[in-house]
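When the chains are written out, they are named A, B, C and D in that same order, and each has its own residue count from 1.
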Amino acid sequence: MLLSGNDSEQGGGSVAPVLSVKNLSTSFRVGDEWKTVVRDISFDVAPRETVAIVGESGSGKSVTSLSIMRLLPKKTSRIEGQVFLQGRELVSLPEEEMRRVRGNDISMIFQEPMTSLNPIFPIGKQIAEALTVHTDISRAEAKAEVLRLLEKVRIPNAKGRFDEYPHQFSGGMRQRVMIAMALASRPKLLIADEPTTALDVTIQGQILDLIKQLQEEEGMSVLFITHDMGVVAEVADRTIVMFRGDAVETGATDDIFHRGKHPYTRALLSAVPRLGSMGERKLPLRFPIIDIKTGEQQQLAEVTDTVAKGKTPILDVKNLTTRFDIHSGLLGRKSGAVHAVEKVSFDLFEGETLSLVGESGCGKSTTGRSITRLINPTSGDVVLDGYEVMKLDQYTLRKMRRSVQMIFQDPFASLNPRMSIGSAVMEPFIEHNLGTKKQSRDKAAGLLEKVGLSPDMMKRFPHEFSGGQRQRIAIARALMLDPKVIVADEAVSALDVSIKAQVCNLLLDLQQSLKLAFLFISHDMAVVERVSHRVAVMYLGEIVEIGPRAAVFENPQHPYTKKLMAAVPVPDPSRRSIKRNMSTDEIKSPVRSVDYVPPVRQYREVSVGHLVQVA
Amino acid sequence: MTDATIASPAPAIASTPTRSAMADMWRQFSAHKGGVAGLIVFVFILLAVYVGPYIHRVAPNQINIRDKNQWPSLAHPFGTDNLGKDMLAQVLAGGRISLAVGITAMLLALFLGTLVGVLSGYFRRLDGPLMRITDLFLALPLLPLLLVILLLFRDTLRAAFGPETGIFILIVVVIGVTSWMHTARIVRGDVLAIKSQEFVLAAKSSGMREYRIVLKHILPNVLSSIMVSATLGIASAIITESSLSFLGLGFPSDFPTWGRLLFDGANFLQLTPSRVLWPGLAISMTVLSVNYMGDAIRDALDPRAVKR
Amino acid sequence: ARGTDGDLKILFWQAVSTMNPYLSGGTKEVFASSIVIEPLARTDEKGELVPFLAAEIPTIDNGGLAKDLLSLTWKLKPDVKWSDGTPFTAEDVIFTWKYCTAPDGGCAQAAQYEGVKNVEAVDPHTVKITFTEPKPYPYSAFVGGQSPIIQAAQFKDCVGAKAPGCTSANFGPIGTGPFVVKDFKPNDVITFAANANYRDPAKPAFASITLKGGGDAASAARAVLETGEYDYAWNTMVEPEVLQTMLAAGKGRLESAFGTNVERINLNHFNADPSLGDKRSTADAGPHPSLKDPAVRRALSLAIDRDIIVEAGYGAAGKATCNIVPAPAAVASTKNDEWCLKQDIAGANKLLDDAGWVKGADGIRAKDGVKLSYLYSTSTNSVRQATQELVKAMWAEIGVGAELRNASAAVFFGGDPASPDTFQKFYADVEMYTNNFDGTDPEKYLAEWLCDKVPGPANGWQGQNIPRYCNPAYDKLVGELSKTADVEKRNALSKQLNDMLTEEGAHIALVHRGDLSAFAVTLEGVKMNSWDSQLWNLADWYRKK
Amino acid sequence: MFTYTLRRLFFAIPTLLIISFVIFALLDLAPNDPTGDLPLTIPPEVREQIRASLGMDQPFFFRYLAWLQQFFINEPLNILERLTGWQFGDGQRLRVLSWATRSPVVDLIVQRLPQTLWVVGLAYLFGILIAIPIGVISAYRQYSIFDQIGTFISMVGYSVPTFFTGVLLIVIFSSYLQWFPSVYDTNLQVTDFSSFVAQMRQMALPVAVLALYNASQIARFVRASMLDNLHQDYVRTARAKGVKEKTVLLVHVLRNSLIPVVTVIALGVPTIFSGAIITEQIFRVNGLGQLLITAVQGADIPLVQTLTFIFAVLIVLFNLIADVLYGILDPRIRYD
């Protein structure tokens, strides 16, 4: 194991580090015993430096950062070791002084933005609080600054959204709110825990630029936790690799990428899918499996064509429209609407994977929810496995939902905090009387194992898991029913490459054996390329381009699609200095006035099945 | 672990010793000091009340006017009242009724309140009608209501179940039916807040039946308010029972109950303080023990609670 | 001298709801109004009539009462002034009669004017009352707190159906008494000021009165006896030992006076078995299966130790009695005291044994399948409940069981024909309460046990013969009483009637109840009176210096 | 929200009409009788006349309509007349008259309102003001000494009825120590400092009794609800911003915990106006509670009906307020 002894020289020369972590260990009380989840970690972060922490999901990245901030529940956790912030020891600091450090000297972007935002305060107020806590500024100034920040993180119509609540935001928008909140106070050190998982690549790029810019202007240091090796390559000066609670390798990003020593590091990097590697392939491709000990990679069997083109589509969506009314004024009159989904039509066949990509906040999740009628759409028709979804009564709706399962974008929020994950996973199975309790337990255990969790975690509760682990629990739950269609909303975004590969392979396997159809919503273009048969690109609530995967990826037509493809980060540290400059275009908002009449859209067929919106 | 990407030492044994949820609850409960203390006190009270009379063999309504208004002594550990009845025997006998009435009436009120609260909070269509009924019940003047209930049902119940059981049923139902409204409104408020959370949506999307969603996802999350209602409910049920007897709705006047003993004793506060001390203490200890047990259950069901 | 003793603070734990006793017949209203308005004559603490607004008590001897008992002439005191300064005249007396007898007025004291044919003014200071039939005891109209004189000028527009609308008059009647109403808060507090026009210039000694209402008897007693916040608390019926502890504070004293109140247990002469449904306790139900046996009725009485009941619940405010007419002394019989006042368990047991009632396994006597087990009801009141328990325990000693029941006073005495719990309906085997008669003459009272006064569906359960006692010999004797004018004879007849009721077991008289009130030690001049308002001589009260 | 409020207000009218009818029917059915407390010496015929003069011989429905008219038309007109000095009609409208006092019910209520608000209202306010900090601290320092003592006091405070605590306080503070009067003087006018002190002294005991009882109840709900929210992730976010612990608790956690608290408080506010029957009796505060209980016991139907109905209006109103507050407190709650 490499220790940080000589790292400071590499990172920031002889300058004293901003953050210096020494022999940090963190344990949790589970039941009656203490379980150590972070073991003896040491590293430094120099001024202006960006240090990335990568590692397996559940390896202790978030816990490390929370330990630095001393934000773990006091009664159930224990922190040992030392943390120095500009020479000041934090672990033993009195609570009141620690408070002044938090948010002021160190800011943190949390991994799960949904649960991390206070549901009952307008987001504007929450961001402003980060400002007013540490500085004396007037309400108006704070508001102006918040608006500026919101624009910076590319929230459209920032003024209008200042007073909206977290639940009215899309996953990516909430994440951007978190980012704005963390950046507001211009901290010396920013800890960013997976800050861009819910963002499409274009916005991700802009956010990364924003962070870089702040680093340059304010001399901020960044501790960056991510699974996206492309991002790591792009932003990190140095990288720490974590595995099962240990920092197994620390070094300059270049070194890690090209001369990684630890087998896990090598496994990690070789498994990274690269955009464009699929070429003209028509079918999805499994991910390679890498043995962690040897680092050897074995290619898996080709997948067969599972798409049942001949039959009627299992899911047929026609002119689906969902709007959220905006009320304003004392009387609460309707003053406009968010046109979250506007006249969306597509179909999905048995055994097919249709990926839905698009800008954050463009209505992907809303589309998914509308299809299963978790939100009542404004208009449109959906036929799912023969059910006319929009016309179903409660009873048949329930029956229909057996055929379609949903993996929610925010796994933590979608798990009942008071239910052990074992019961949570088993529940749908028992509910639909698919077998005995024993059978359901076995099946759940099997699925958990397949997504890389151990079945003895079944007794534990959602808050005792890492973000990625929770996501896998949500996947296991969706698979319990053997549904015909799965709407997977950012289902693998919080997983490290290795586990992502494992889970994606699992999904492909299931597609092979059960002819599952996926509506795969994702921002990760590399994964999308790998798993999908067809791809639909959404922009401002509408599908702007749809077609076979190869056609869309190799021959993008719509300007937005082109922009999207260009923005995908490449896992190559040498390209780090290249700056994108996309933050200049205006941000479009899906908010329309009451009298807005959506224009009639025309589609042009580029090639077979490849349609592009015109005008 | 064939298709795991990264072959790693298999995570622990898959043999989950399938301890049932109840056993697990119990384990958590028993780790809760307050809960255990509450349980011990509660069991002690139960034992005292049900077994005590076999040890302290003085009839509670044995009048001995020559021994009236005595302070505690060996013969009368809790002293006597103004008719010379033994207070200990009365407290024990009274406890049986008070506990039975208090607990059953509380459970009934809790059941009704939770049912109405959950239904109106969860099902929008039921909300209006159910809440207006709740308003009505809140508005009804209690005394006339009780008198009317008495008028309509006492003789029927007495005929059907005999004087004692009949009155017991009447009292429990009367208290239950007139005290569920607070619980209903509180539960409804909580349900309204809970049901907008995403895990409820997730449960819906997996095709759960509504009643299961309510039972497994909503209810556990409103439990803490329900627990408080339960604790407070038991106290007010015990007191309400005693005030019913002033309307002639309660048990015959020679049936002691804690509330009644306290009421009758209030005037004798200076003369024989032990007359009010014991029944008052009994009520308080019962309520406190129920409170601590409620806390323990609450904590056991809240995985994030600080476990002690 | 007038107004020199400051404020007199009176506590009525039952609050006063109006100052017009004709609109509300409640004792508290009668008492409160007696501070302001006065009758022609009152009964003093010894039970004798004393003139108030009248110059003298009219009798046959002084010619005021006609020999034929058909008319009564009152001479009024001259120079009496209303508190507004106008003179008090015969017109006011006549008006009062008209006011209370006007149709639709709902006058609560109408009974006081029963049998009055006419009231006329002989001259401005002489009033003549004529009766429809001879009245051997004519002193009920305009006598006592129940029928004070109200001012004609003030109430002239308030007759009949308009009476309730005159709120300010009802709350602040102009009177001739020692005080005038200054402020009236219904059911809460009344303040009075000394009447500047009161006929005795030296009285009243107090400048003002505050009469506060509400609460309960025990705390009322406490406010006088223990905290000393008040000077006088009315009707402090609390357990005697509680009062003893309060007296220890040395701030007050208790006084009692005995009128005609008797706590009794009525024995139902009709069958009250619930299975009879609506026929319960009516002639249709037939005689009571066990209480029809005179031996049982006597045994029930013999088994009771009245002294213990007095000691436990009444203290100085009760005396054991076996009579339904316990006072005044002239009409109080002593005939049955011999056997009745003493508890005799052995005697009672023997009586029942001889009558063939044998104890069963549960200790309850039975004969021919009829058990001596009774439903024993009363109104809710802690003393009554204690008495119930004591009686139950005593009866248990002779093998008689009892199930206790109580109903709130408003229901028990409410007389709602739809309610099963009223004392008139008597859906119980035995029931206990207190009753009395106004004034000193028991004639009307004794007439309540007439056969035709048995309550039942026919008379809307309104009869007053609650025990359903019926004896033609008794009826005849009552008829005789109503025609007798000679006082001695009347007294003898009354005693005879009372003894008949006791001996035949119409009811079991338990306690002769007195009125008990608490006074501050500094308060002087009080003469506790149970025959009239306790505040009857308020003008004479003063504070000890 | 606004339309929701309007709709609810609109629906409140039929609701209240139904409630008023049910109350009336209930009172009519109840076996009470206004002549019940009269001495037994008043003969039955006279009682019958009294009942007739009260209008009890009229059919039920007619009496109900008469009350409706008196309460909804005559009384408002009277108030309007008094406020504006205008004269509507001949001014000879039948008002709702109490049977026991024969005075207009509305006057009685107006007379009682001050002491009720002073004592019961203030006690409720104190109760809330004590309860919230106690609940918050108890939850924050769960199972600390503070929490244990708070729990003990509030549970004992709730389970020992006011009829006992009242007497206890009187014995201690009025009889032995003689600090406070045991009888409330409703005539006392606060005009200067000494009368203000007198007012405070006479309020001390009843307010203490009631405040303890109210605070106990509310504090328990605050504590329970706070505990539910203390461990949420957004609390961590707030701490990460460096927000002061006090603000974290009072703004972030408490606001999220307020729904059950608002419910309990809103349920309690109308009971201020119905008075605290037992406490008012014990200390002779003679507010609305005492008015109601004497009216019920005396079967004073117009008074009970009117008081109960006003009470019902308040219940409906405050439940509506609570519902509107839910929407403000938690934006996810929507009523459409």
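Quick note on the criterion: a residue touches a chain if its C-beta (ideal position, glycine included) is under 8 Å from a C-beta of that chain, and two chains touch if they have at least 3 such contacts.
If you want to know which protein each chain is, UniProt gives these names: A = Glutathione import ATP-binding protein GsiA; B, D = ABC transporter permease.
Because the structure is predicted, anything quoted here is derived from the model rather than measured.
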Next item on the list: Tell me which chains count as touching both chain B (ABC transporter permease) and chain D (ABC transporter permease).
Entry: A, C
Notebook entry, point to check: Looking at A-B and C-D, which pair shares more C-beta contacts?
Noted result: C-D
Item checked: Distance between the centres, which are taken as Cα means, of chain B (ABC transporter permease) and chain A, whole angstrom -> 47
Notebook entry, point to check: How many angstrom between the C-alpha centroids of chain C and chain A?
Noted result: 88
Note to self: Centroid from C-alpha atoms only, then distance chain C to chain D (ABC transporter permease), rounded to Å. What do you get?
What the structure shows: 37
Item checked: Chain centre separation (chain A, chain D (ABC transporter permease); CA means) in Å -> 52
Notebook entry, point to check: At which residue positions does chain B (ABC transporter permease) touch at least two other chains?
Noted result: 147, 151, 196-197, 221, 267, 270, 302, 304, 306
Next item on the list: Spell out, as numbers or ranges, the residues of chain A touching 2 or more other chains.
Entry: 73, 167, 463
Note to self: Where in chain C do residues touch at least two different other chains?
What the structure shows: 408, 411-412, 418-421
Checklist line | Residues on chain A engaged by chain D (ABC transporter permease) in the complex (per definition of touch) | finding: 66, 69, 71, 73, 95, 99-104, 107-108, 110, 112, 115-122, 129-130, 133-134, 165, 167, 178, 181, 185, 327, 330-332, 412, 463
Checklist line | Of chain C, residues touching chain D (ABC transporter permease) in the complex | finding: 11, 15, 17-18, 20, 23-27, 104-111, 161, 163-165, 167, 170-171, 183, 185-189, 191, 210, 212-216, 219, 222-223, 226-227, 229-230, 249, 408-416, 418-422, 433, 435-438, 459, 462-464
Item checked: List of chain D (ABC transporter permease) residues in touch with chain C within their complex -> 29, 31-33, 35-54, 97-98, 100-104, 107-108, 111-112, 167, 170, 174-175, 178, 181-183, 185-187, 280-284, 286, 290-291, 294, 296-299
Checklist line | chain D (ABC transporter permease) partner contacts - residues on chain B (ABC transporter permease) that touch it in the complex | finding: 34, 124, 128, 131-132, 134-136, 138-141, 143-145, 147-148, 151, 181-182, 185-186, 188-190, 192-193, 196-197, 221, 224-225, 227-228, 231-232, 235, 238-239, 259, 262-263, 266-267, 269-270, 276, 280, 283-284, 286-288, 291-292, 298, 302, 304-306, 308
Notebook entry, point to check: Which part of chain C faces chain B (ABC transporter permease) closely enough to touch in the complex?
Noted result: 218, 238-239, 241-242, 245, 274, 308, 311-312, 380, 382, 385-386, 388-390, 392-393, 403-408, 411-412, 418-421
